[in-house]
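Let me begin by presenting the structure, written as structure tokens, before commenting on it.
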Amino acid sequence: MENLIALLIAAPLLGAAVLLCGGRRLDRTGHWIGTLLAGASFVVGVVLFTDMLGRGAEDRTLHQRLFSWIPVEGFQADVAFQLDQLSMTFVLLITGVGTLIHIYSIGYMEHDERRRRFFGYLNLFLAAMLLLVIADNYLLLYVGWEGVGLASYLLIGFWQHKPSAATAAKKAFLVNRVGDMGLSIAIMLMFTTFGTFAFGPVLGSTGETSEGKLTAIGLMLLLAACGKSAQVPLQSWLGDAMEGPTPVSALIHAATMVTAGVYLIVRSGAIFDGAPDAQLAVVVVGAVTLLFGAIVGCAKDDIKKALAGSTMSQIGYMILAAGLGPVGYVFAIMHLVTHGFFKAGLFLGAGSVMHGMNDEVDMRKYGGLRKYMPVTFVTFGLGYLAIIGFPGLSGFFSKDKIIEAAFAKGGTEGWILGSVALLGAAITAFYMTRVMLLTFFGEERWRHAATPSPAEPDVEPAAETGGDHSEPHPHESPRSMTVPMIVLAFGSVFAGGFFSIGDRFLHWLEPVTGHDHGHAPVSATTVTAATMVVLVVGVAIAWAMYGRRPVPAVAPRGSLLTRAARRDLLQDDFNHVVLVRGGEHLTRSLVYVDHTLVDGVVNGTAASMGGLSGRLRTLQNGYARSYAVSMFGGAVVLIAATLLMRAV
Amino acid sequence: MSATAVHSLWTTAGGVTSAAPGDRFTAPTIEYAQLAPVLIVVGVAVLGVLVEAFVPRRARYTTQVFLTVVALAAAFAAVVGLAADGYATKNAHIAAMGAVAVDGPALFLQGTVLLVSMVAVFTFAERRLDPASHGNRVDSFAAQAGSVPGSDSEKAAVRAGFTTTEVFPLVLFSVAGMLVFPAANDLLTLFVALEVFSLPLYLLCAIARRKRLMSQESAVKYFLLGSFSSAFLLFGIALLYGYAGTVSYAGIADVVDGTVQQIDPALADTMGNDALLLIGGAMILMGLLFKVGAVPFHMWTPDVYQGAPTPVTGFMAAATKVAAFGALLRLLYVVLPGLTWDLRPVMYGVAVVTMLGGAVVAITQTDIKRLLAYSSIAHAGFILAGVIAASPDGVSSVLFYLGVYSFVTVGAFAVVTLVRDAGGEATHLSKWAGLGRRSPLTAAVFAVFLLSFAGIPLTSGFSGKFAVFKAAADGGAAGLVVVGVISSAIAAFFYIRVIVLMFFSEPRADGPTVAVPSPLTMTTIAVGVAVTLVLGLAPQYFLDLAGQAGVFVR
Amino acid sequence: MNPVNYLYLAALLFTIGASGVLIRRNAIVVFMCIELMLNACNLAFVAFSRMHGNLDGQIIAFFTMVVAAAEVVVGLAIIVSLFRSRHSASVDDASLMKL
Amino acid sequence: MSFPLLTATAVLPAVGAIATAAVPAARRAAAKWLALALSLATLVLAGIVFARFEPGGDRYQLTESHAWIKDFGVRYELGVDGIGVALLALTALLIPFVILAGWHDADPAPGARLDSSGGGPEKTSPYHWRPTQGFFALILMVEAMVILSFVATDVFLFYILFEAMLIPMYFLIGGFGDRAHAGSDENAAAQRSYAAVKFLLYNLAGGLIMLAAVIGLYVVAGSFSLSEIAAARADGSLDMGTGTERWLFLGFFFAFAVKAPLWPLHTWLPNAMGEATTPVAVLITAVVDKVGTFAMLRFCLQLFPEASKWATPVILVLALISIVYGALLAVGQRDIKRLIAYASISHFGFIVLGIFAMTSQGQSGATLYMVNHGISTAALMLVAGFLITRRGSRLIADYGGVQKVAPVLAGTFLVGGLATLSLPGLAPFVSEFLVLVGTFSAYPAAGVIATVGIVLAALYVLVLYQRTMTGPVRQEVGGMPDLRVRELAVALPLIALLIFLGVFPKPLTEVVNPAVQHTMHDVQKKDPQPEVEAAK
């Protein structure tokens, strides 16, 4: 069985290699190859899963060691895999959702002449992501970590002819690099502390080192997580990442890659358990992002960016949960999975809408689409209900657990976190309802939206294929796109219930992550009730604002907060002013310094030599007598010096 | 001073003069065999004069060239023979009544001088470079040195196809002087040898075929300054004589060491008077430093090098340096070792200013011959560093360096003679632009010489520089080594400049052409290149040679 | 009279000659000054020879004269040719080559 | 006396150089093929050396030793250790690609007037200006000298080559400029010779200062042989005083720091790489400069361990400055080649950092870094060269949307770039991470600062890629053809190598490790032990 693990990666990797090197002759069949190999990987995953279920809870961890990667004195890095329940969960999520999205893309990218390459990139992403989750040491994880970063770079910038896309891709990679810096420093710290960075030894011996070390490692890991999972302060790239094709947003920037941070923290639970300060930092980041994302999500008119904000906020929940320690690990992962289903579903829905609307992304130009694209409407609606935590659907279970856990943290912290989580739930309900209403209900604003949308600071001209502004004819998407949406809708409806009934998921993961119930100051039922209340409130407000009144096709100026939220709460402006401008000035001045100062010294010496030479050669004035003078003087000096030498 | 005292002086002096009949006069014994090199050269030189007088003009050129080459070859053979007989090492001794030393350094330097003169003479004899005027090929010397430039008599002489074949005997005389100079074992011989090799050079400088005004000017400057310096030398000799009562190196050395046999009480006041010694020594030193062209006695070098006919410049630059440094070494190692600690700081200073001065001023030169002149000054500085080392190692390193340097120099100047335009040699640097494009081989050869001057590894220049610096460092003159490397870095700049000019800049439309020389000049250049590369890659044999020759006889 | 004084005289002559070389323009005069220096040397030789009571110095003096004569031959030849081509014997006029 | 394999490896290209130079003017193609063939033959020999080298064996293997210049105490001593063999292989490997990439760079430009053989008496002379032959001959000559300097175990021999290789490089830089120069020809020629002279004088100055130190070393140690000096040091018979050792160390280090180049002695590199043709630029940064860092590792640390340790703090600071400063300047460049040059400065900072961190990981990393950086820069630079020759401009601003018209070119360029920012999975990552870990374990602060370099690297690489390759297609690049076969033959093997060494660096590490252990022993340093001996 162990030997199958490598196959998980091999299949999509092969796909990537074939598709990217294959050349034009694969254009016709490329997408099928890609999908097939993704599917194959999924099948392998399922096989391994069934096998794993067949074992006892304790020996469910599989290992496979391929070869010694970097053997250097005192430094051992192997290419080796470790597949336990946690990894398994991810494997299934990644390959499953991944395969679905491959299928979806077949239809979505139909008219793109570079579809083959698109599938190549998708496969590359799958391979990297799988490597990330089944690596058995941090260095190998790092490889996958940057690998997914590369894939996301390539996919965000897939439509490279659009400067905005290229810029967004670059930004994503750079911000991630900042996070990666954290990860690599963390690995170095592990090396100096434990002499290794394999999961087993490191996590096994956290007890033997100081809390300070662990805190340092933990914070560095958190930095990495922030980069990858778009948490404050490194969240700025996710919004722009929506420049990528929608399937990419669904797979990478909603379901899988962005959750890698959560995986990292949960995987390194042992370290965080030993470092309360680091944990605190984690929960704070989670809580802040939770609100941040939600607020941003409220203000965006671009449907994908609204969803992106929501993603941020939901991952905030997960990080928060992960920061709570054993209390929350399981729920973090659980929410991660359910979120994977419904957020992917929502994105695919959004994609389907755009597909039918000439790639228009501005929700103010939607409206009343429910009768034109019923399937999309239904699946999107289910996803919507799931995410706001409508009782019985996935989100209800997973998010509810997190809120409980937040309270269970105990003390004032507990109260603060819990109420933040609740508030987040309310806002979630609000902005998702807003999206729903703007898109599928109300009057059909697109009918008279033939005019190009007025330039707004936050809305990129996101016509992905240079969308023409003639009046769109909304229509349902082809089968290849609807089927994945339906499947995901199922997931978003039932997954939560399936996991929670009898704490299946808890028991499944417990051996890896451990679990304790904490001591909730308030009973679970009260929390649920509170959640329900805030949920209703949120929906109601949204209805009041967008359901009852007609929506202006052009966004009103809005309150200060709204405007700030449209601009990602000015975070980007900050980056721009401080980092970009500052950086430009720095580099310019350095170029100047290099040219004038450093190089100037060199050229200066040369020049001064020349000057000296020029002055000296005037002594050679061509008059024999002055030559004689110099000789005579020389002789005098010579004699004087000799005598002097004897004198002293 | 009382009359009696004076009288007593007379009588004592008379006592010397009216000695017993038995030892009134002892006939000097001259070891002709051991002086053979010099005698051959001088003899043939005299013969050459006779040739000028009696051989018809038509045949003179051939005769003279033949005689000269034969003479030099024979002399060299004689030197080799002497060395083979072990005169360089075990039975090195003083010949000719203490006038001439026959020892390692002497023979080595004589050999070098002879070989260098040989190749130099080839360039003297070169007749293919100037376009033939009136149907007869001409060399680089005036048709008739006496005739005024541009006058009818000159034109007539040119038309008649006269050539100054006197140059060959002159060269031979000069060579003879150079052979004796490093071997001279008493100050008088030193002085005479100096004059013997200087006077012909003064003349040779004056008789260029083209640019005669500059040629004459250079001759005047060289002559005046040269005799000025030799006057200093002579006065120095006088003072040393006054100090030691003798002019023989050994005798002076004894007095300096204080191991003198008998002190004549009457002379106690002058005998061993250090003021005389120091001043005299310094003045002699100055005379020699003038010849090697060390700062501040260097100022004649650029002008003379530039004005003199290029073959003469090459000969002068190479052979004079060899001879002069030989004499300098002998003086310092044989006569004044007792003064090492007094002279060393002075020499140290001279070496420093020479290295730096030469290198720095050369940077801004625009005439290739002047450039090489300054480079030769800088090199004099390097060699001085070896001289200062004051160790057998130092001596041999200097000998080696001299051998290396002289051949490269002759070769370089030979190349300069090839690059010509309407006005004769095109020595202005701007005209050398793009030479590498027009005739890559010539440019490449010249580049090799320049790199050797610059002391780039795998060329002889590097071996020499390394040997000298190593000796200096061993001799505890680390500071000199540092200054040396700094000034070689500076010097590198202008050598590189020339290379840049030749290879990296577009040729000028009115640029010079490269004349295709006769085998004579080709030989000169080929020898230069061969020596440069061989001594760069495998210098061991010659280092051994110089090493064995590193001991002076007293 | 103490022969040492002759030395002083010689030194004086030498210095006069040297300064003459430094200040006079006419090549011939410069050359004569050099000859003066040589003769100063001769005087010194003879004086020393007298003091030491050996004859080397006097012999050397003869050599010096011969050399000086040779120098005259060469020197005058050069100076004359220069004069003929420039119609001036000033050493300062002969300054084509400089820097 | 077995077959002198090392000598053969070094001599073959030298012979090739002479042979190539001798090819008559008309037969340009022949010269190219000859040069290529000989460089490949050299590669074969290098491969044999690599195969013959036993990692477990003596420190120096395949040794040769002959008397050379007795008076200078110089012997012709050769021998390779793991570090030497790795770099030897790198050099032999890169040269064929350099030659292939420069296939047309030395052809007489259509515009240029080739009056060399025209008009005047030169016509009669048999010697014509033969730029093409010269170009390839010089490249081979450089290869010969570099190889020999990697295997020289005699300080003097090394020094000679260290200096001598400047001359052919100088002619390569000054004689064969980049046609794609913004500005007039005169302007170009002027800048080019400025760059060449700067290169030469800078390095010559460094070399001469080293010469002083070399002489000093001989005066102190009385020998030039690494082994003898090491032995003398071991049995205590040689004890150069602290002061002397430091001075000598500085003398050596200065020269190597110029060559490497280390801030603030780096300014010659951008000029040289900017003005030279791309293959020559690769030759400079990927091959010749490696001699500098290699020499730090072999000579500075082996001959002057104490002084090296004494100087470590300063050198580390300089290295860090180079890393950050080079990267920042790379960001600020407008010229593709200068950008890559500054990137290289940053990378050399990493190498020096790894060397002087004096940990096993650091030094192994540094050695791997030399190799990997050679390959990655070659890949990036050569592809950039193909791009530049197509458009005829080096300015980033003149490009845009290339990826649309020449996807393969863009792809290879991207891979080269990703290697330069040391993406995991590609070779440079391995070495860079080793350097970082090695540095971090000895000097945590330095390690952290150096890590900033990886962010900046991402910045300049991606900015370069975005500005040139993405965005709307500029009409100047509209008709740009994609990579041709020759160019693919250059790019693809390099990329394959990058990936292979990124996934499976073991062949290199196992060769390098023992050598590094020897060096560690020379400097008497032990790796810092991990705080927790992790429970195995």
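The chains carry the letters A, B, C and D, assigned in the order they are written, with residues numbered from 1 in each.
By our rule, contacts are C-beta pairs under 8 Å (C-beta built on N, C-alpha and C of every residue); 3 or more make two chains touch, one makes a residue touch a chain.
This structure is a prediction, so every number in the text was calculated from the model and none was measured.
J.: Relative to the centroid of every protein C-alpha atom displayed, which chain's own C-alpha centroid is closest?
T.: Centre-most chain by C-alpha means: D.
J.: Let me spell it out: compute each chain's centre from its C-alpha atoms, then which one is farthest from subunit B's centre?
T.: Most distant chain from subunit B: A.
J.: Calculate how many whole Å lie between the centre of subunit B and the centre of subunit C, each centre taken as the average of the chain's C-alpha atoms.
T.: Each chain's C-alpha centroid was found; their separation is 23 Å.
J.: Roughly how far is subunit A from subunit D, going centre to centre by Cα mean, in whole Å?
T.: Between these chains, centre-to-centre, one finds 38 Å.
J.: Indicate the whole-number Å distance between the mean C-alpha point of subunit B and the mean C-alpha point of subunit D.
T.: The mean C-alpha positions of subunit B and subunit D differ by 46 Å.
J.: How far is the middle of subunit C from the middle of subunit D, if each middle is the mean of its Cα atoms, in Å?
T.: Averaging C-alpha atoms per chain gives centres 65 Å apart.
J.: Specify, in ascending order, the residues of subunit C that touch 2 or more different other chains.
T.: 18, 21, 30, 91, 94-98, in rising order.
J.: By the touch rule stated above, which residues of subunit B touch at least two different other chains?
T.: Residues 220-221, 224, 228, 232, 302-303, 493 of subunit B touch two or more partner chains.
J.: Which positions in subunit A are in touch with at least two other chains?
T.: 606, 617, 620, 622, 624, 628
J.: Any two chains that touch count here, so list every such pair.
T.: Inter-chain contacts occur between A-B, A-C, A-D, B-C, B-D.
J.: Where on subunit C is subunit B touching in the complex?
T.: Against subunit B, the touching part of subunit C is residues 1-4, 7, 10, 14, 17-18, 21, 27, 30-31, 34, 37-38, 40-41, 44-45, 47-57, 59-60, 63-64, 67, 70-71, 74-75, 77-79, 81-82, 84-86, 91, 94-98.
J.: Write out the stretch or stretches of subunit D touching subunit A in their complex.
T.: So the residues of subunit D in touch with subunit A come to 198, 201-202, 263-264, 266-267, 325, 328-329, 331-333, 360-361, 364-365, 401, 403-404, 411, 418, 423-425, 429-430, 433-434, 436-437, 440-441, 444, 447-448, 451-452, 454-455, 458-459, 462-463, 466, 469-473, 503-506, 509-510, 513, 516-517, 527-536.
J.: Under the touch definition given earlier, write down the residues of subunit B that touch subunit C in their complex.
T.: 1, 6, 9, 12-13, 15-17, 145-146, 148-149, 188, 191-192, 195, 199, 202-203, 206, 212-214, 216-221, 223-224, 227-228, 231-232, 234-235, 237-239, 241-242, 245-247, 264, 266-267, 269-271, 302-303, 306-307, 370
J.: Over in the complex, which subunit A residues touch subunit D? Could you list them?
T.: Within the complex, subunit A touches subunit D at residues 20, 67-75, 79, 139, 142-143, 145-147, 150, 153, 157, 160-163, 165-167, 170, 173-174, 177-178, 180-181, 184-185, 187-189, 191-196, 201-202, 204-205, 208-209, 213, 583, 586-588, 590-591, 594, 598-599, 601-602, 606.
J.: Along subunit C, where are the residues that touch subunit A in the complex?
T.: Per the stated touch rule, the residues are 18, 21-23, 25, 30, 91-92, 94-99.
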